[in-house]
Amino acid sequence: MKRFLLLNGPNLNMLGKREPKIYGTNRLVDIENMISHLGKVNGVEVICKQSNHEGELIDFLHGAYDFDGIIFNPGAFTHYSYAIRDAIAGIQAPVIEVHISNIHAREDFRHVSVTAPETKGQIIGLGIKGYELAFYTLLDDKGEK
Amino acid sequence: MKRFLLLNGPNLNMLGKREPKIYGTNRLVDIENMISHLGKVNGVEVICKQSNHEGELIDFLHGAYDFDGIIFNPGAFTHYSYAIRDAIAGIQAPVIEVHISNIHAREDFRHVSVTAPETKGQIIGLGIKGYELAFYTLLDDKGEK
Amino acid sequence: MKRFLLLNGPNLNMLGKREPKIYGTNRLVDIENMISHLGKVNGVEVICKQSNHEGELIDFLHGAYDFDGIIFNPGAFTHYSYAIRDAIAGIQAPVIEVHISNIHAREDFRHVSVTAPETKGQIIGLGIKGYELAFYTLLDDKGEK
Amino acid sequence: MKRFLLLNGPNLNMLGKREPKIYGTNRLVDIENMISHLGKVNGVEVICKQSNHEGELIDFLHGAYDFDGIIFNPGAFTHYSYAIRDAIAGIQAPVIEVHISNIHAREDFRHVSVTAPETKGQIIGLGIKGYELAFYTLLDDKGEK
Amino acid sequence: MKRFLLLNGPNLNMLGKREPKIYGTNRLVDIENMISHLGKVNGVEVICKQSNHEGELIDFLHGAYDFDGIIFNPGAFTHYSYAIRDAIAGIQAPVIEVHISNIHAREDFRHVSVTAPETKGQIIGLGIKGYELAFYTLLDDKGEK
Amino acid sequence: MKRFLLLNGPNLNMLGKREPKIYGTNRLVDIENMISHLGKVNGVEVICKQSNHEGELIDFLHGAYDFDGIIFNPGAFTHYSYAIRDAIAGIQAPVIEVHISNIHAREDFRHVSVTAPETKGQIIGLGIKGYELAFYTLLDDKGEK
Amino acid sequence: MKRFLLLNGPNLNMLGKREPKIYGTNRLVDIENMISHLGKVNGVEVICKQSNHEGELIDFLHGAYDFDGIIFNPGAFTHYSYAIRDAIAGIQAPVIEVHISNIHAREDFRHVSVTAPETKGQIIGLGIKGYELAFYTLLDDKGEK
Amino acid sequence: MKRFLLLNGPNLNMLGKREPKIYGTNRLVDIENMISHLGKVNGVEVICKQSNHEGELIDFLHGAYDFDGIIFNPGAFTHYSYAIRDAIAGIQAPVIEVHISNIHAREDFRHVSVTAPETKGQIIGLGIKGYELAFYTLLDDKGEK
Amino acid sequence: MKRFLLLNGPNLNMLGKREPKIYGTNRLVDIENMISHLGKVNGVEVICKQSNHEGELIDFLHGAYDFDGIIFNPGAFTHYSYAIRDAIAGIQAPVIEVHISNIHAREDFRHVSVTAPETKGQIIGLGIKGYELAFYTLLDDKGEK
Amino acid sequence: MKRFLLLNGPNLNMLGKREPKIYGTNRLVDIENMISHLGKVNGVEVICKQSNHEGELIDFLHGAYDFDGIIFNPGAFTHYSYAIRDAIAGIQAPVIEVHISNIHAREDFRHVSVTAPETKGQIIGLGIKGYELAFYTLLDDKGEK
Amino acid sequence: MKRFLLLNGPNLNMLGKREPKIYGTNRLVDIENMISHLGKVNGVEVICKQSNHEGELIDFLHGAYDFDGIIFNPGAFTHYSYAIRDAIAGIQAPVIEVHISNIHAREDFRHVSVTAPETKGQIIGLGIKGYELAFYTLLDDKGEK
Amino acid sequence: MKRFLLLNGPNLNMLGKREPKIYGTNRLVDIENMISHLGKVNGVEVICKQSNHEGELIDFLHGAYDFDGIIFNPGAFTHYSYAIRDAIAGIQAPVIEVHISNIHAREDFRHVSVTAPETKGQIIGLGIKGYELAFYTLLDDKGEK
């Protein structure tokens, strides 16, 4: 049975509460339920984690070393966490980076992604649907990074 | 009936022939057939265009002013065509930018996307599947930019 | 009899339709009629051209090699077309660069004009009146670049 | 009854011990006592937290979502933690950023504050008195960010 | 009756004397007479001021708070005076920035205009005719900034 | 008896009139009265000055060479006046820099303060209360820079 | 029989007419005749093309996919056309970049060549002789890129 | 008896598993055993810690405030953690920074070390032997920072 | 009889009082007396001026339009006053720029001199003797800029 | 009889030995023999020099002050030796800069040539044939720089 | 028998005399004796060279083409000598770069090492002990670069 | 008896021959004779040296370790030789940097002086008189750096 990690970074526990004009009204639990449900339907074990702690996110990535895929929204760590970048580089599981809003249409610092070079790909600005698209991509994927 | 434009920019006519290690062995016609087929199944008229000419791409974007969606791989114009950026900004149709390879894992100049800020979102590095994901996103979309 | 070229660049065919808050509600044909009318009154042959194609704009500039003046809104090409810059540098006709909106009050990349150094001067932010002012300036001009 | 959070970031637990020429001889507990005392006198509940962990600071900020004010010395996170910046942006409580030393008179990297744009204001270089001034400002404040 | 301020910045009192190859042989008084004459013909009170003092230029701008228009050549202050920029932003009168020479064809620092974003528009490189064009623009203007 | 200088820079004479959304509706005279009143109550002679002239501000700083404190809002000079920076460095009186609005939440150039390194500290974004806080800080201060 | 493409970019149709101090008095047809003649003598089919259109230049490069060599003066596209760079990268034929004038002795932007990294080599500043040298180099070449 | 802290940062728990071409096949426990063994032989108490959490690394540094030496591989935090830099600056123990691979021969961002200025020195690119060299250096050291 | 202007910029009226470690203990009047005395001995009329006002310095430069030489210490205006630069460029008199301290051995911004390109030369870091050397240089000079 | 200098800079004595994948297997003596032979055939005296010493290269350039041509591969000095640049500028002989490999396809610092602006032209990336092409160019040259 | 080169760059002949606070009181001969002694004890022939001449250092590196190791302190050439970088890249012997002082704790330009990417590793800031550590590292080394 | 070193860097042996419009028609020997003559008259032993070799210049500086003064025109080494900068920093003799032409009025790279921070001062743009002024300054100097 395939195993996916759904991993969300800092401030995503505030979804639905924080700046809803940018991030929408869905809560994190809605996303986790949606992806877990997709998992059940498609025979994939989905483990859901969120943390505001950079170190915990790294621990979760290490823990999913040989998973079949990781759907990861690194939040603001996208823009400066070289430690998370290294963690992505160091595991076997393919990672798809997801951003709910179009980060390229916002402040300048949002344009930089230090994690993207080590991911398989990115889905940006498509709302929570981005998580769903990442799920289906990893499902079809032959597990190569 | 919905109408989508599938638009591919410079050098994408060379797909399958050009640097297959980066871009894969699929030809452009394969992608166009795939999306056209999805259109038939889902009741969407899909118009397919490719050009190496910046001006023609702008003309095609203008011609799809009020389409229900545009799937657009701007190729290298991504990195410097402010004219295409303006064309995207000036039409009503929502645009999803697609890149086959992970541009963030290649040369430095590939990191810059001048078109991204005016698109709805981007799907990057997921191979030709990116086109398919863009199709489904626009299908579900309520047509808002 | 004097000959002027009125030349408009990419996306200006969308005037009146595209982002009217920034560019106003006048259409391109209104501007062309206005300048043609001024031409008739003042004994100047006015040739009107628009293109979204960088190469065509260069061809039009070459074609007006020894005109008495060129009123040119290069649109977004202002910000990166060194080929158009060279075309302006290579002809005898004096060129006045016109921008409808105040490009300096918008995004950062709009501040750069690579064409301006080779033009006679620029009129920026004064709406479509800018075209009229350029007409009168060239009319009084002794044809020197 | 009003509630304030007094939040101190990395290395501020070393106050009095670390580089006293720059940061003075007061310990963190002295500052916490001072502000708590001001709280008692003025009828404000003051909660005091310190952490060297970025994630914990974010958790504390989330926990004070609807407090009447936050006095926050982010320490070195000031200069790179976009995750803390997002946390400040995502809560309702107004935040005043405090720095004990004049960061603008020290190394270059100290000049950059990535958190400042999302705070209500900053008090810099006035020693531990800066905390007191922040307290009084928030006390008079009508709670608007 | 409409009121315009014709305002000239540092070193423009030297016109006709200073670097005539760049700035021409007209003196400042010739420009002031020309615009004053246009004022008489068109029923506009024209007040003419020149100063080499940044502070005086700010005072003059404040003094023309609700004028119907300001024709302003800020000279070298264009390139660094954020105080003048703020003064332009803080008054109601629309300001048109005029430069006699094509500043974009000269030294690099001349390309930067810190005042332009707060003006209505700019006329650059058209010699003293630029002042005349600014006059007619403001005359037709409905007084909006 | 202690002596303080309350010094305000360019465009602050327009307070209440200029961009009230950013700077509030208080006039400069209100601030001067407030600080003068605090002076009377606390036995401090308060001298109030404002100027749009960089040179006058320098003269005022020199004139307060051995005052017990200076509350200084340098306005836009903050961002480029190295001459004022030198004046602050060259006198004995401690200077506290005050900004009414949060300059870090506005345009990019507002982030740079060339004067800050030579001041004792800065209070930013706390409205006119910032002046009051500066007053109390200098009152408690032992006069050291 | 070997096949070479002689390809000239924007404004090179103006050779002999445009800025002769920089580019000399030879016309494009002179260069084309010279290289065609060399072709005849050496048993090489030489196809000559010029265009001011970026897209056409890309089409020509694609059309010469498996030629034995391409002599290419990209004109101003040298400095920004990543689309042409990609076209060069995507074909099998070796490309030698030629510039008539010493671009390194002119404006700053001329120093950047975005196409050079994908070419076999460059010949710069040696006048129209550069085309001849490129011809002989490709003639001796074993066709490797 | 002397006390040393052997401190390893993010992803170093993956040694031997992660990118062995760059980091070798030794595991972290091998390094810890090697240094502990050197400690026993030389009469030094060696405490070994590893964490992926920036905050924990700071806590460990504080906990070793007056140790005789710290051997520290900050991993990717080297490149952006000003908080760790401050922690190093704030303790008495001398710190030697160790990197297994030659960070200067890899990506650009690896060239920057924000922690190095506060350390006693760095040993870079010498494999796990670097830890051993650091040990001997601190052993001979008179404990000065 | 030759005429020289000795011109000193902002904060130089504080000489002997301001940061004597950097600027020495001589007062401005000592310098003015020294140069005036040299003038008497050598038959040169020396006019001495100092101002903290940029505009006044420009006025003084204009007033010395055809003097035989100007000895000018622009103080901090050196680093940003393009208006003074233009004033120097616009007059006939040769200007020698003098700095008492070695500005290249101090803060980074001191390295930039925007006025230097328009002066005849600079004498830097030689204390008040620099004024004397400038005097003798201008005395021998044939008055060419 | 014409005289040419063939001058090779640092590390070119290692040709054939150093990184043969980049520089090929020819030795320096092969190049010197080739060019000397061409000299004999064409009646040109060819003097061959190589040095790893910047100063010696300058001496050689001075010594060839009025030669008919210089073929110069400055090696790594290309990227930083302003002294060599000055030497080239100061002599009468025309210099052609030759690089064996395509420096634009390698590390970033290789893109900068500080010597190129003062040379007649450059031949880059064409292997040792570049020396031969330079020879023929200088042979045809009328000796103008 | 193994052979090592101990190579010291510019100004290291002044050790003990030059800025002893930074570089200590040991003379170069002390270092050379120390390493030679280590050589004798460990059966390694140690050749000691120092030069202030970049070209000589390159010659020495070439001369040690197939040595078993090179201990190299390039002094200030570290920061700009691409010629030395190329020399290191072109030889077979592994090079360890040594700096006596912590260059990262000094001026900005000291942070850049252009030679480091081609060395095996660096030992920085550990005083003359750094030479000793380099010796032992090369001794254990299997001679691979 | 005092001892001065007159030291001239690369290409200054070409004075009078090289670009006389910039550097004048005097030869180096004229300058050396002039300063030697001044030495004789004023009882100073003057040693004259010139070299195009960076290393030799460093050797000469070391050789003048305790001279009473050094007059040094580093030529183009001014702009990049950190090794010469270190040599100046490491000796006791005060150094005055002299440039014949106004380097600030020429190419951009000429604006940077890496040697200036370690010199006593600089005399720039005053022709060969600059050497004379440096001589008199050192003569009066009390020998402090």
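A few comments on the model shown:
Each chain gets a letter, A, B, C, D, E, F, G, H, I, J, K and L, in the order it is written, and its residues are counted from 1.
Keep in mind that, in the parts below, contacts are C-beta pairs under 8 Å (C-beta built on N, C-alpha and C of every residue); 3 or more make two chains touch, one makes a residue touch a chain.
Small disclaimer: the values here were computed from a predicted structure and weren't measured.
Any chain bridging chain E and chain F, meaning touching each of them, is among I; the list is complete. The fewest steps needed to get from chain A to chain H, moving only between touching chains, is 1. Rotating chain H by 120 degrees superposes its CA atoms on those of chain J, with the angle stated to the nearest 5.
For E-F, the equivalent interface within G-J, H-K or A-H is the one where over half of the contact pairs agree by residue number, namely A-H. Our note on geometry: chain D versus chain F, Cα centroid distance of 23 Å, whole angstroms.
With centres set at the average Cα position, the gap from chain E to chain J is 54 Å. Each chain gets one centre point, the mean of its Cα atoms, and the points for chain B and chain D are 47 Å apart. Chain H has residues 53-56, 80 in contact with two or more other chains.
Applying the touch definition to every pair of chains gives A-B, A-D, A-H, B-C, B-G, C-E, C-G, D-F, D-H, E-F, E-I, F-I, G-J, H-K, I-L, J-K, J-L, K-L.
Per the touch definition, chain J reaches chain G in the complex via residues 96, 102, 104-105, 113, 116-126, 129-130, 133, 136-137, 140.
Chain contact summary for the complex, chain K toward chain J: residues 53-56, 58-59, 62, 65, 80-83, 85-87, 89-91, 114.
Across the interface of their complex, chain C is touched by residues 9-11, 13-14, 17-19, 51-56, 75-77, 79-80, 109 of chain G.
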